[in-house]
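Note that the chains are named A, B, C, D and E in the order they appear, and that numbering of residues resets to 1 at the start of each chain.
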Amino acid sequence: GGDAKPTSEGTSAAAAPGESQGAALSGEVKTDGSSTVAPLTQAASELFGEEQPQVKVPVGSSGTGGGFEKFCNGETDISNASRPIKDEEKAACEAKGIKFAELTVATDALTVVVSKENDWATCLTTDQLKKMWEPAAEGKVKTWKDVDPKFPAEELKLYGPGTDSGTFDYFTDEINGEEGASRKDYSPSENDNDIVTGVSGAKGGLGYFGFTYFEENADKLKAIEIDSGSGCVAPSVEAAQGGKYTPLARPLFVYPSAAAVKRPEVAAFLDYYVANIGTIAKDAKFIPLNPEQEAKLKSDLESLKSQG
Amino acid sequence: MSDVRNPLPTGTAVPRNPMPTSGTAVPRNPMPTSGTAEIGVSVPNVSVRGPEVPRTIEALDPVFTVSGLSVFYGDYEAVRGVDMTIGNREITAMIGPSGCGKSTVLRCFNRMNDLIPGARAAGKILYHDEDLYGDHVDPIEVRRRIGMVFQKPNPFPKSIYDNIAYGPKVNGVKGKMDDIVEEALTKAALWDEVKDKIKQNALSLSGGQQQRLCIARAIAVKPDVILMDEPCSALDPIATTKIEDLMQELTRDYTIVIVTHNMQQAARVSDRTAFFTAEVDADGVRHGRLVEFDETSRIFTNPSDKRTEDYITGRFG
Amino acid sequence: MSDVRNPLPTGTAVPRNPMPTSGTAVPRNPMPTSGTAEIGVSVPNVSVRGPEVPRTIEALDPVFTVSGLSVFYGDYEAVRGVDMTIGNREITAMIGPSGCGKSTVLRCFNRMNDLIPGARAAGKILYHDEDLYGDHVDPIEVRRRIGMVFQKPNPFPKSIYDNIAYGPKVNGVKGKMDDIVEEALTKAALWDEVKDKIKQNALSLSGGQQQRLCIARAIAVKPDVILMDEPCSALDPIATTKIEDLMQELTRDYTIVIVTHNMQQAARVSDRTAFFTAEVDADGVRHGRLVEFDETSRIFTNPSDKRTEDYITGRFG
Amino acid sequence: MSAQHRTAAPRTSGSLARSRPRYGEFAVKVVLLLAALVSVLTTVGIVVALLEPTIEFFSEVGLGEFFGSTTWGPLFNPPAFGVWPIIVATLEITLIAIVVAVPLGLASAIYLSEYATPRVRKVLKPVLEVLAGVPTVVFGFFALTFVTPLLQDVFPFLGLDGKNALSAGLLVGVMIIPIVASLSEDSMAAVPNGLREGSYALGASKMITSVRVVVPAAFSGIVAAIILAVSRAAGETMIVAIAGGFKSVFTLNPANEMATMAAFIAQAGSGDASVGSTAYKTIFAVGSLLFVMTFAMNYLSARMVQKYREVYD
Amino acid sequence: MAILSTPRSAVQLASKGRPLREHLFRIALLASLAIAIAFLAMLIVYVVEEGWPRLDSTLWENQPSIRRPETAGIQSGILGTLWIIGLTALMALPTGILAAIYLEEYADKTKWYNRLIELNISNLAAVPSIVYGILGLGMIARWMQFGFTVMTGALTVSLLVLPIVIISAREAIRAVPPSIREGSLALGATQWQTIYRQVLPASVPGIATGSILALSRAIGEAAPFLMLGAATLVRFNPEGVWSTFTVLPLQIYSFIARPQEEFAVLAAAAIVILLAILLLMNSVAIWLRNRYQKRW
């Protein structure tokens, strides 16, 4: 914390370098990135704090892209991401000699929600979603009727995460076929509560966000079942874990830097994170990994630690 | 060492010495107009004091009748117990050392003091037999009838025309504004100097012109009385002469009350002079008092009060 | 209607009329001190004018020798071509109508004008034979030697004691400060009035006391000369008298130059008087000029310039 | 004693020379100048921080598209760089703010300067100062959770979006009321009392004096106040980010959600754009534009104040 | 003639029904002011009401928590804000006051560079805070390599409030009558002695008031920190200038975005704390002003 040099290299542990769980560590583990993943890392940080009160884990929420920017600049130890790292970002990391691993820590089910007053739609196909959201829909698809003649001519009001979020990238990639390709005349928001308010307040409203937000607001909203060709599937923990909720079930990642993991406090934090991933996901209200995913997570971390 | 002060090397120092004047005929103050020295007479020269009325301070046709006027700023009694009358179409001068309450009294005449928070007048001022501080009286109407010109010329930062037109406009005067403006400027002896630049900003005028503009502005609302608070103290001698001439001219139609620091000015222009001074009472508080009020010629040649004499002979002030 | 102005009803209006004075003995201006009227003499009474030196404007023991002084504010030449000398341990008064440059000249004597951006003096001022505007001269040192007292008393918002101690302190004077303070206040005739409340805030003093405090403050740095710019104009007559007495007292040890609006004051206190006025040159620009500089008695009884006469007889100003 | 005095001030040449060196005076002046230069350095810093990415941005996108098109969406795919929607949104919210703040602020200023007793002024001015200090997140929170729902309930026909320019503009307006009020009050207080007295002495009432003499005389000061308020409104970030939204569409309807320039910077600057991408550089281009706009407005305001000083000095 | 035109009846000075219009105008003015103040009152009532359930000691004793929003606190934010304010006071106030002294007492207004500095300062006062965020990120965090620390945040905010400090300090210095300076200089004091021993002491109340108001602006800033990417979820207190930190306004911004209702309450409670700090500072400013107001 109080070192003279503010870079991550400077924050070495003052305590014994041993990795044993019992030894009191200190130092700082800097994390930043996705605001979606932030609660997960924050929950980990809170729980870990009970074990190692001297280790500080600040959690930024600059967004997945903002997080990678700092991460590849050597300014953070761990980057949270709601989508995999992009090639340009990889290149930036490489240029600075920053090596990292991709750890999948939880699953999210992007949930498409409509107003409780909406009595005509319970299930939408991915094509229908595309029809609503693709760039070509801008200014043309204005009512539900424009999506499907069977629907009423209720005004279609679209809400979604901001263009700077990993959620937006993922959704546009999966539904519209290209990352970032979307109609622009929807209401974007960093604050998913705005989507809740917006959709619940408009009869013809539709929006999408993480499963957590739906669960917290299930009394105000109705989740739409998604049909990607093999029948309608409602978002749920089981469907997401079992890989049935496609294509909108998505993995959430953390990216630890290989150099940082050499520091005992970072290693301890990650060990704790991975060991308690089930509790953490539950606390942060995400869908926990299934056993295979959990096993992969453990081995991924081990291989990072044993790296060079 | 308490009195090493020099005695006054001025000719006026001899008490009761009637003052000789050099110059032209005197229309207002019928005083000796000898071009040569006529001094050395130690007895008042009664014959030169004009209409030989008893030494009354009452004007025959009073515009204001002030009785027992005291003015307070909060708890401080700035002026105490003033009695005087202001005669119709006369020029009344108020003189006295700084802080003696001349401005304070003057500003009671058009209720300008109402604007100062905490200021308050006790006693009575009758304006044409009507109580100026009566309940039914609207100070705004008072100020329309009783105009005022200030020490520093204060034209509005507008055109000359708009400066003059302002008063009639806010008073809802209908009629050809151009004529009103021309008439007011003409009366104020300014028309010839500004008629070609009537739309120009008034601030571009010289100090003396600005002051005459302010007089014109006051005239334009057709007041009954014009109050002037040291109207020349910011002006050079030439501008001062012009304003003094103007006052003489205006007194045909208007009653004028002027406060001045300059005794010579009071002597030159006024019919009656009120001399104020500040006195310290038993509690050590200074109050302005009216010491003497009389025809100007008498005040300057034959004051009845020692303090007046000391002041006009320059023994203090 | 151009000249209906009243002639002046003052006794000084007659040219070249030696002025009688009533009062006590005159230590500084040896002028006639008759208790009775001794007027009507039209020839200058040479015998009463003291040491009968020729009408030189040169002081015998000059502190300042001013030659060809012009002062500019930016491009504007406020004062043009002033020549005068200030005699040692004399009181020199500067009079003249407003804006004629009295303050401007005075502020050249202690280089106070240096502080006004764009102000600049041309010509020469010698202070004890040393060029006041010479390259080696430190204006701060100048101001330490040549003190100044201003029109409005300007005590620092601190205790009386701190006001006096400030000057010696900033000038690095060591020594018992209490003694310095007491001495300065005593010299300024203020000690008895304030000795019990020396730690009280100076702003709680009356105007006259504040002004004496400012004089004491100036004395405390042991200056050679004290410049005073209308030191009494904000004061009442009693306070004015006190300051004038004090000046007489101080002139035993100090050279004093005083600017005053009040002719009577100049006449009362000064040894020499400089009369300034503002004149308009060919381009219509006003410049201050020194019209006449002479012994005070002569200026007031027998001025050699028409303009001086007009001014002191109240014909303008 | 006088002899002593003379010797204390010897008449030797050079006696007026500096008696002790005063390097300190010079050092002080240098230190003070340096402090003043920090502000210049700040501007240089801002320009440097903005300039390079801005130049790169324009070499990639071109002025033509930036100013010549009306579709905005630098973070979409395909990206669009027509800046007008966010300029229009900025102007619209600023306009709403001004419509709120100028009458209220000016009326408050007239009241404080011309009507309020010193006592009342002593109470009310600090209240305005508190209003000026209220954090903008708080205004944003208030707009989003209180004002918008209230407006939706009271005026359902407006069809207000959950985020909209109207509430955001309203609250930006409330935020700048103190700026308009206090600066206008300053310039009204600077109107010489002589002008008021001149007006009263002509039989003018207080209202007429205030409206026809004081306000015109203080006019350029008032305009300067409004201009400063406008630049604060145009650059306000948190209120518009929280309550105005980020929707980048070209619309004039204040019931709609819209993104201002500052909101865009906040959104993109704390978001996904990866360093070096054109989208990232857009932040700086918009920042430069905002900087230039406020600079231009402020230059104007400085000129106004200058003019107003000239009238009385 | 003037007399003839003005009849001497008792009604001649009576008012002409003007008061009604005058009254309405006055009421309209007062109403405008009242609206502005009503907004403030409404805002305060609203946040106090919303935040009431959480206005207990856990609010400042606890750290923020994702897992237990109902007992989450804002200690790190309060302390972060206090650190930023403290450092800003240390950096911006001396610099601003010195710059103000330079501009008021030394600068020759006819010199182009002084005019440039002046224009520049008034311009900086109008630059949006988000642009300062860009400056802080690009210049202080990255180029000067100060990282995302208390120092970076404080420096950025210092630069942001610097023009406000300069402008208000200049006003306070200007309010010291020139006669005080002349009095001092006429005694042979040097310019700096005059400033240090007369001008500054006399203007301290004004400078302090202006400074406090400038700092209260700094307290509420969120936009520059948003740009700087200050961490939003920080469960420990800053320990030094190189420490990671968060500030109250940023925490509030992040609470507003949380899905659970408890966070909205928490946000309102945090706003109450922020407003309380603000009111406290303003009260000090008012007290200073009333206590030391100079009467010259």
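One rule holds for everything that comes next: a residue touches a chain if its C-beta (ideal position, glycine included) is under 8 Å from a C-beta of that chain, and two chains touch if they have at least 3 such contacts.
The chain list, named the UniProt way, goes like this: B, C = Phosphate ABC transporter ATP-binding protein; D = Phosphate transport system permease protein; E = Phosphate transport system permease protein PstA.
What you see is a predicted model; the values in this text were computed from it and never measured.
Using the touch definition up top, find the fewest steps from chain C to chain D.
The distance in steps between these two chains is 1.
Indicate the lowest number of steps between chain A and chain D, counting one step per move to a touching chain.
Counted as steps through touching chains, the separation is 1.
Ranking chain pairs by how many C-beta pairs touch, which one is first?
Counting C-beta pairs in contact per chain pair, the top pair is D-E.
Compute the centre of every chain as the mean of its C-alpha atoms, then state which one is farthest from the centre of chain C.
Comparing chain centres, A lies farthest from chain C.
Taking the mean of the CA coordinates per chain, how far is chain D from chain E in Å?
14
How many Å are there between the centre of chain A and the centre of chain C, using C-alpha atoms for each centre?
86
Return the distance between the CA-based centres of chain A and chain B, expressed in whole Å.
Averaging C-alpha atoms per chain gives centres 86 Å apart.
From the mean C-alpha coordinate of chain B to that of chain C, what's the distance rounded to whole Å?
Here chain B and chain C have centroids separated by 31 Å.
Two-or-more-chain contact residues of chain C, please, as numbers and ranges.
In chain C, residues 140-141, 145 touch at least two other chains, as defined above.
Counting only residues that touch at least two other chains, what does the list for chain D look like?
22, 144, 205, 242, 270
Residues of chain A that contact two or more other chains, please.
62, 66, 73, 190-191
Using the contact rule from the top, write out all pairs of chains that touch.
A-D, A-E, B-C, B-D, B-E, C-D, C-E, D-E
Over in the complex, which chain E residues touch chain C? Could you list them?
108-110, 177, 179-190, 193, 197-198, 201-202, 294-296
What residues of chain E sit close enough to touch chain D in their complex?
Touching chain D from chain E are residues 18, 21-22, 25-26, 28-33, 35-37, 39-40, 42-43, 46-47, 50, 94-96, 98-99, 101-103, 106-107, 116-117, 119-135, 137-139, 159, 162-163, 166, 190-192, 213, 216-217, 219-223, 226-227, 229, 249, 252-253, 256, 264, 267-268, 271, 274-275, 278-279, 281-282, 285-286, 290.
Inside the complex, what are the residues of chain D that reach chain B?
117-118, 192, 194-205, 208, 212-213, 216-217, 311
Taking the touch rule as given, give the residues of chain C at its contact with chain D in the complex, in rising order.
Residues in contact with chain D: 89, 127-130, 132, 134, 136-138, 140-142, 145, 172, 222-224, 252-254.
Taking the complex as given, what residues does chain E use to touch chain A?
65-67, 142, 145-149, 151, 229-236, 239-240, 242-244, 246, 254, 256-260, 264
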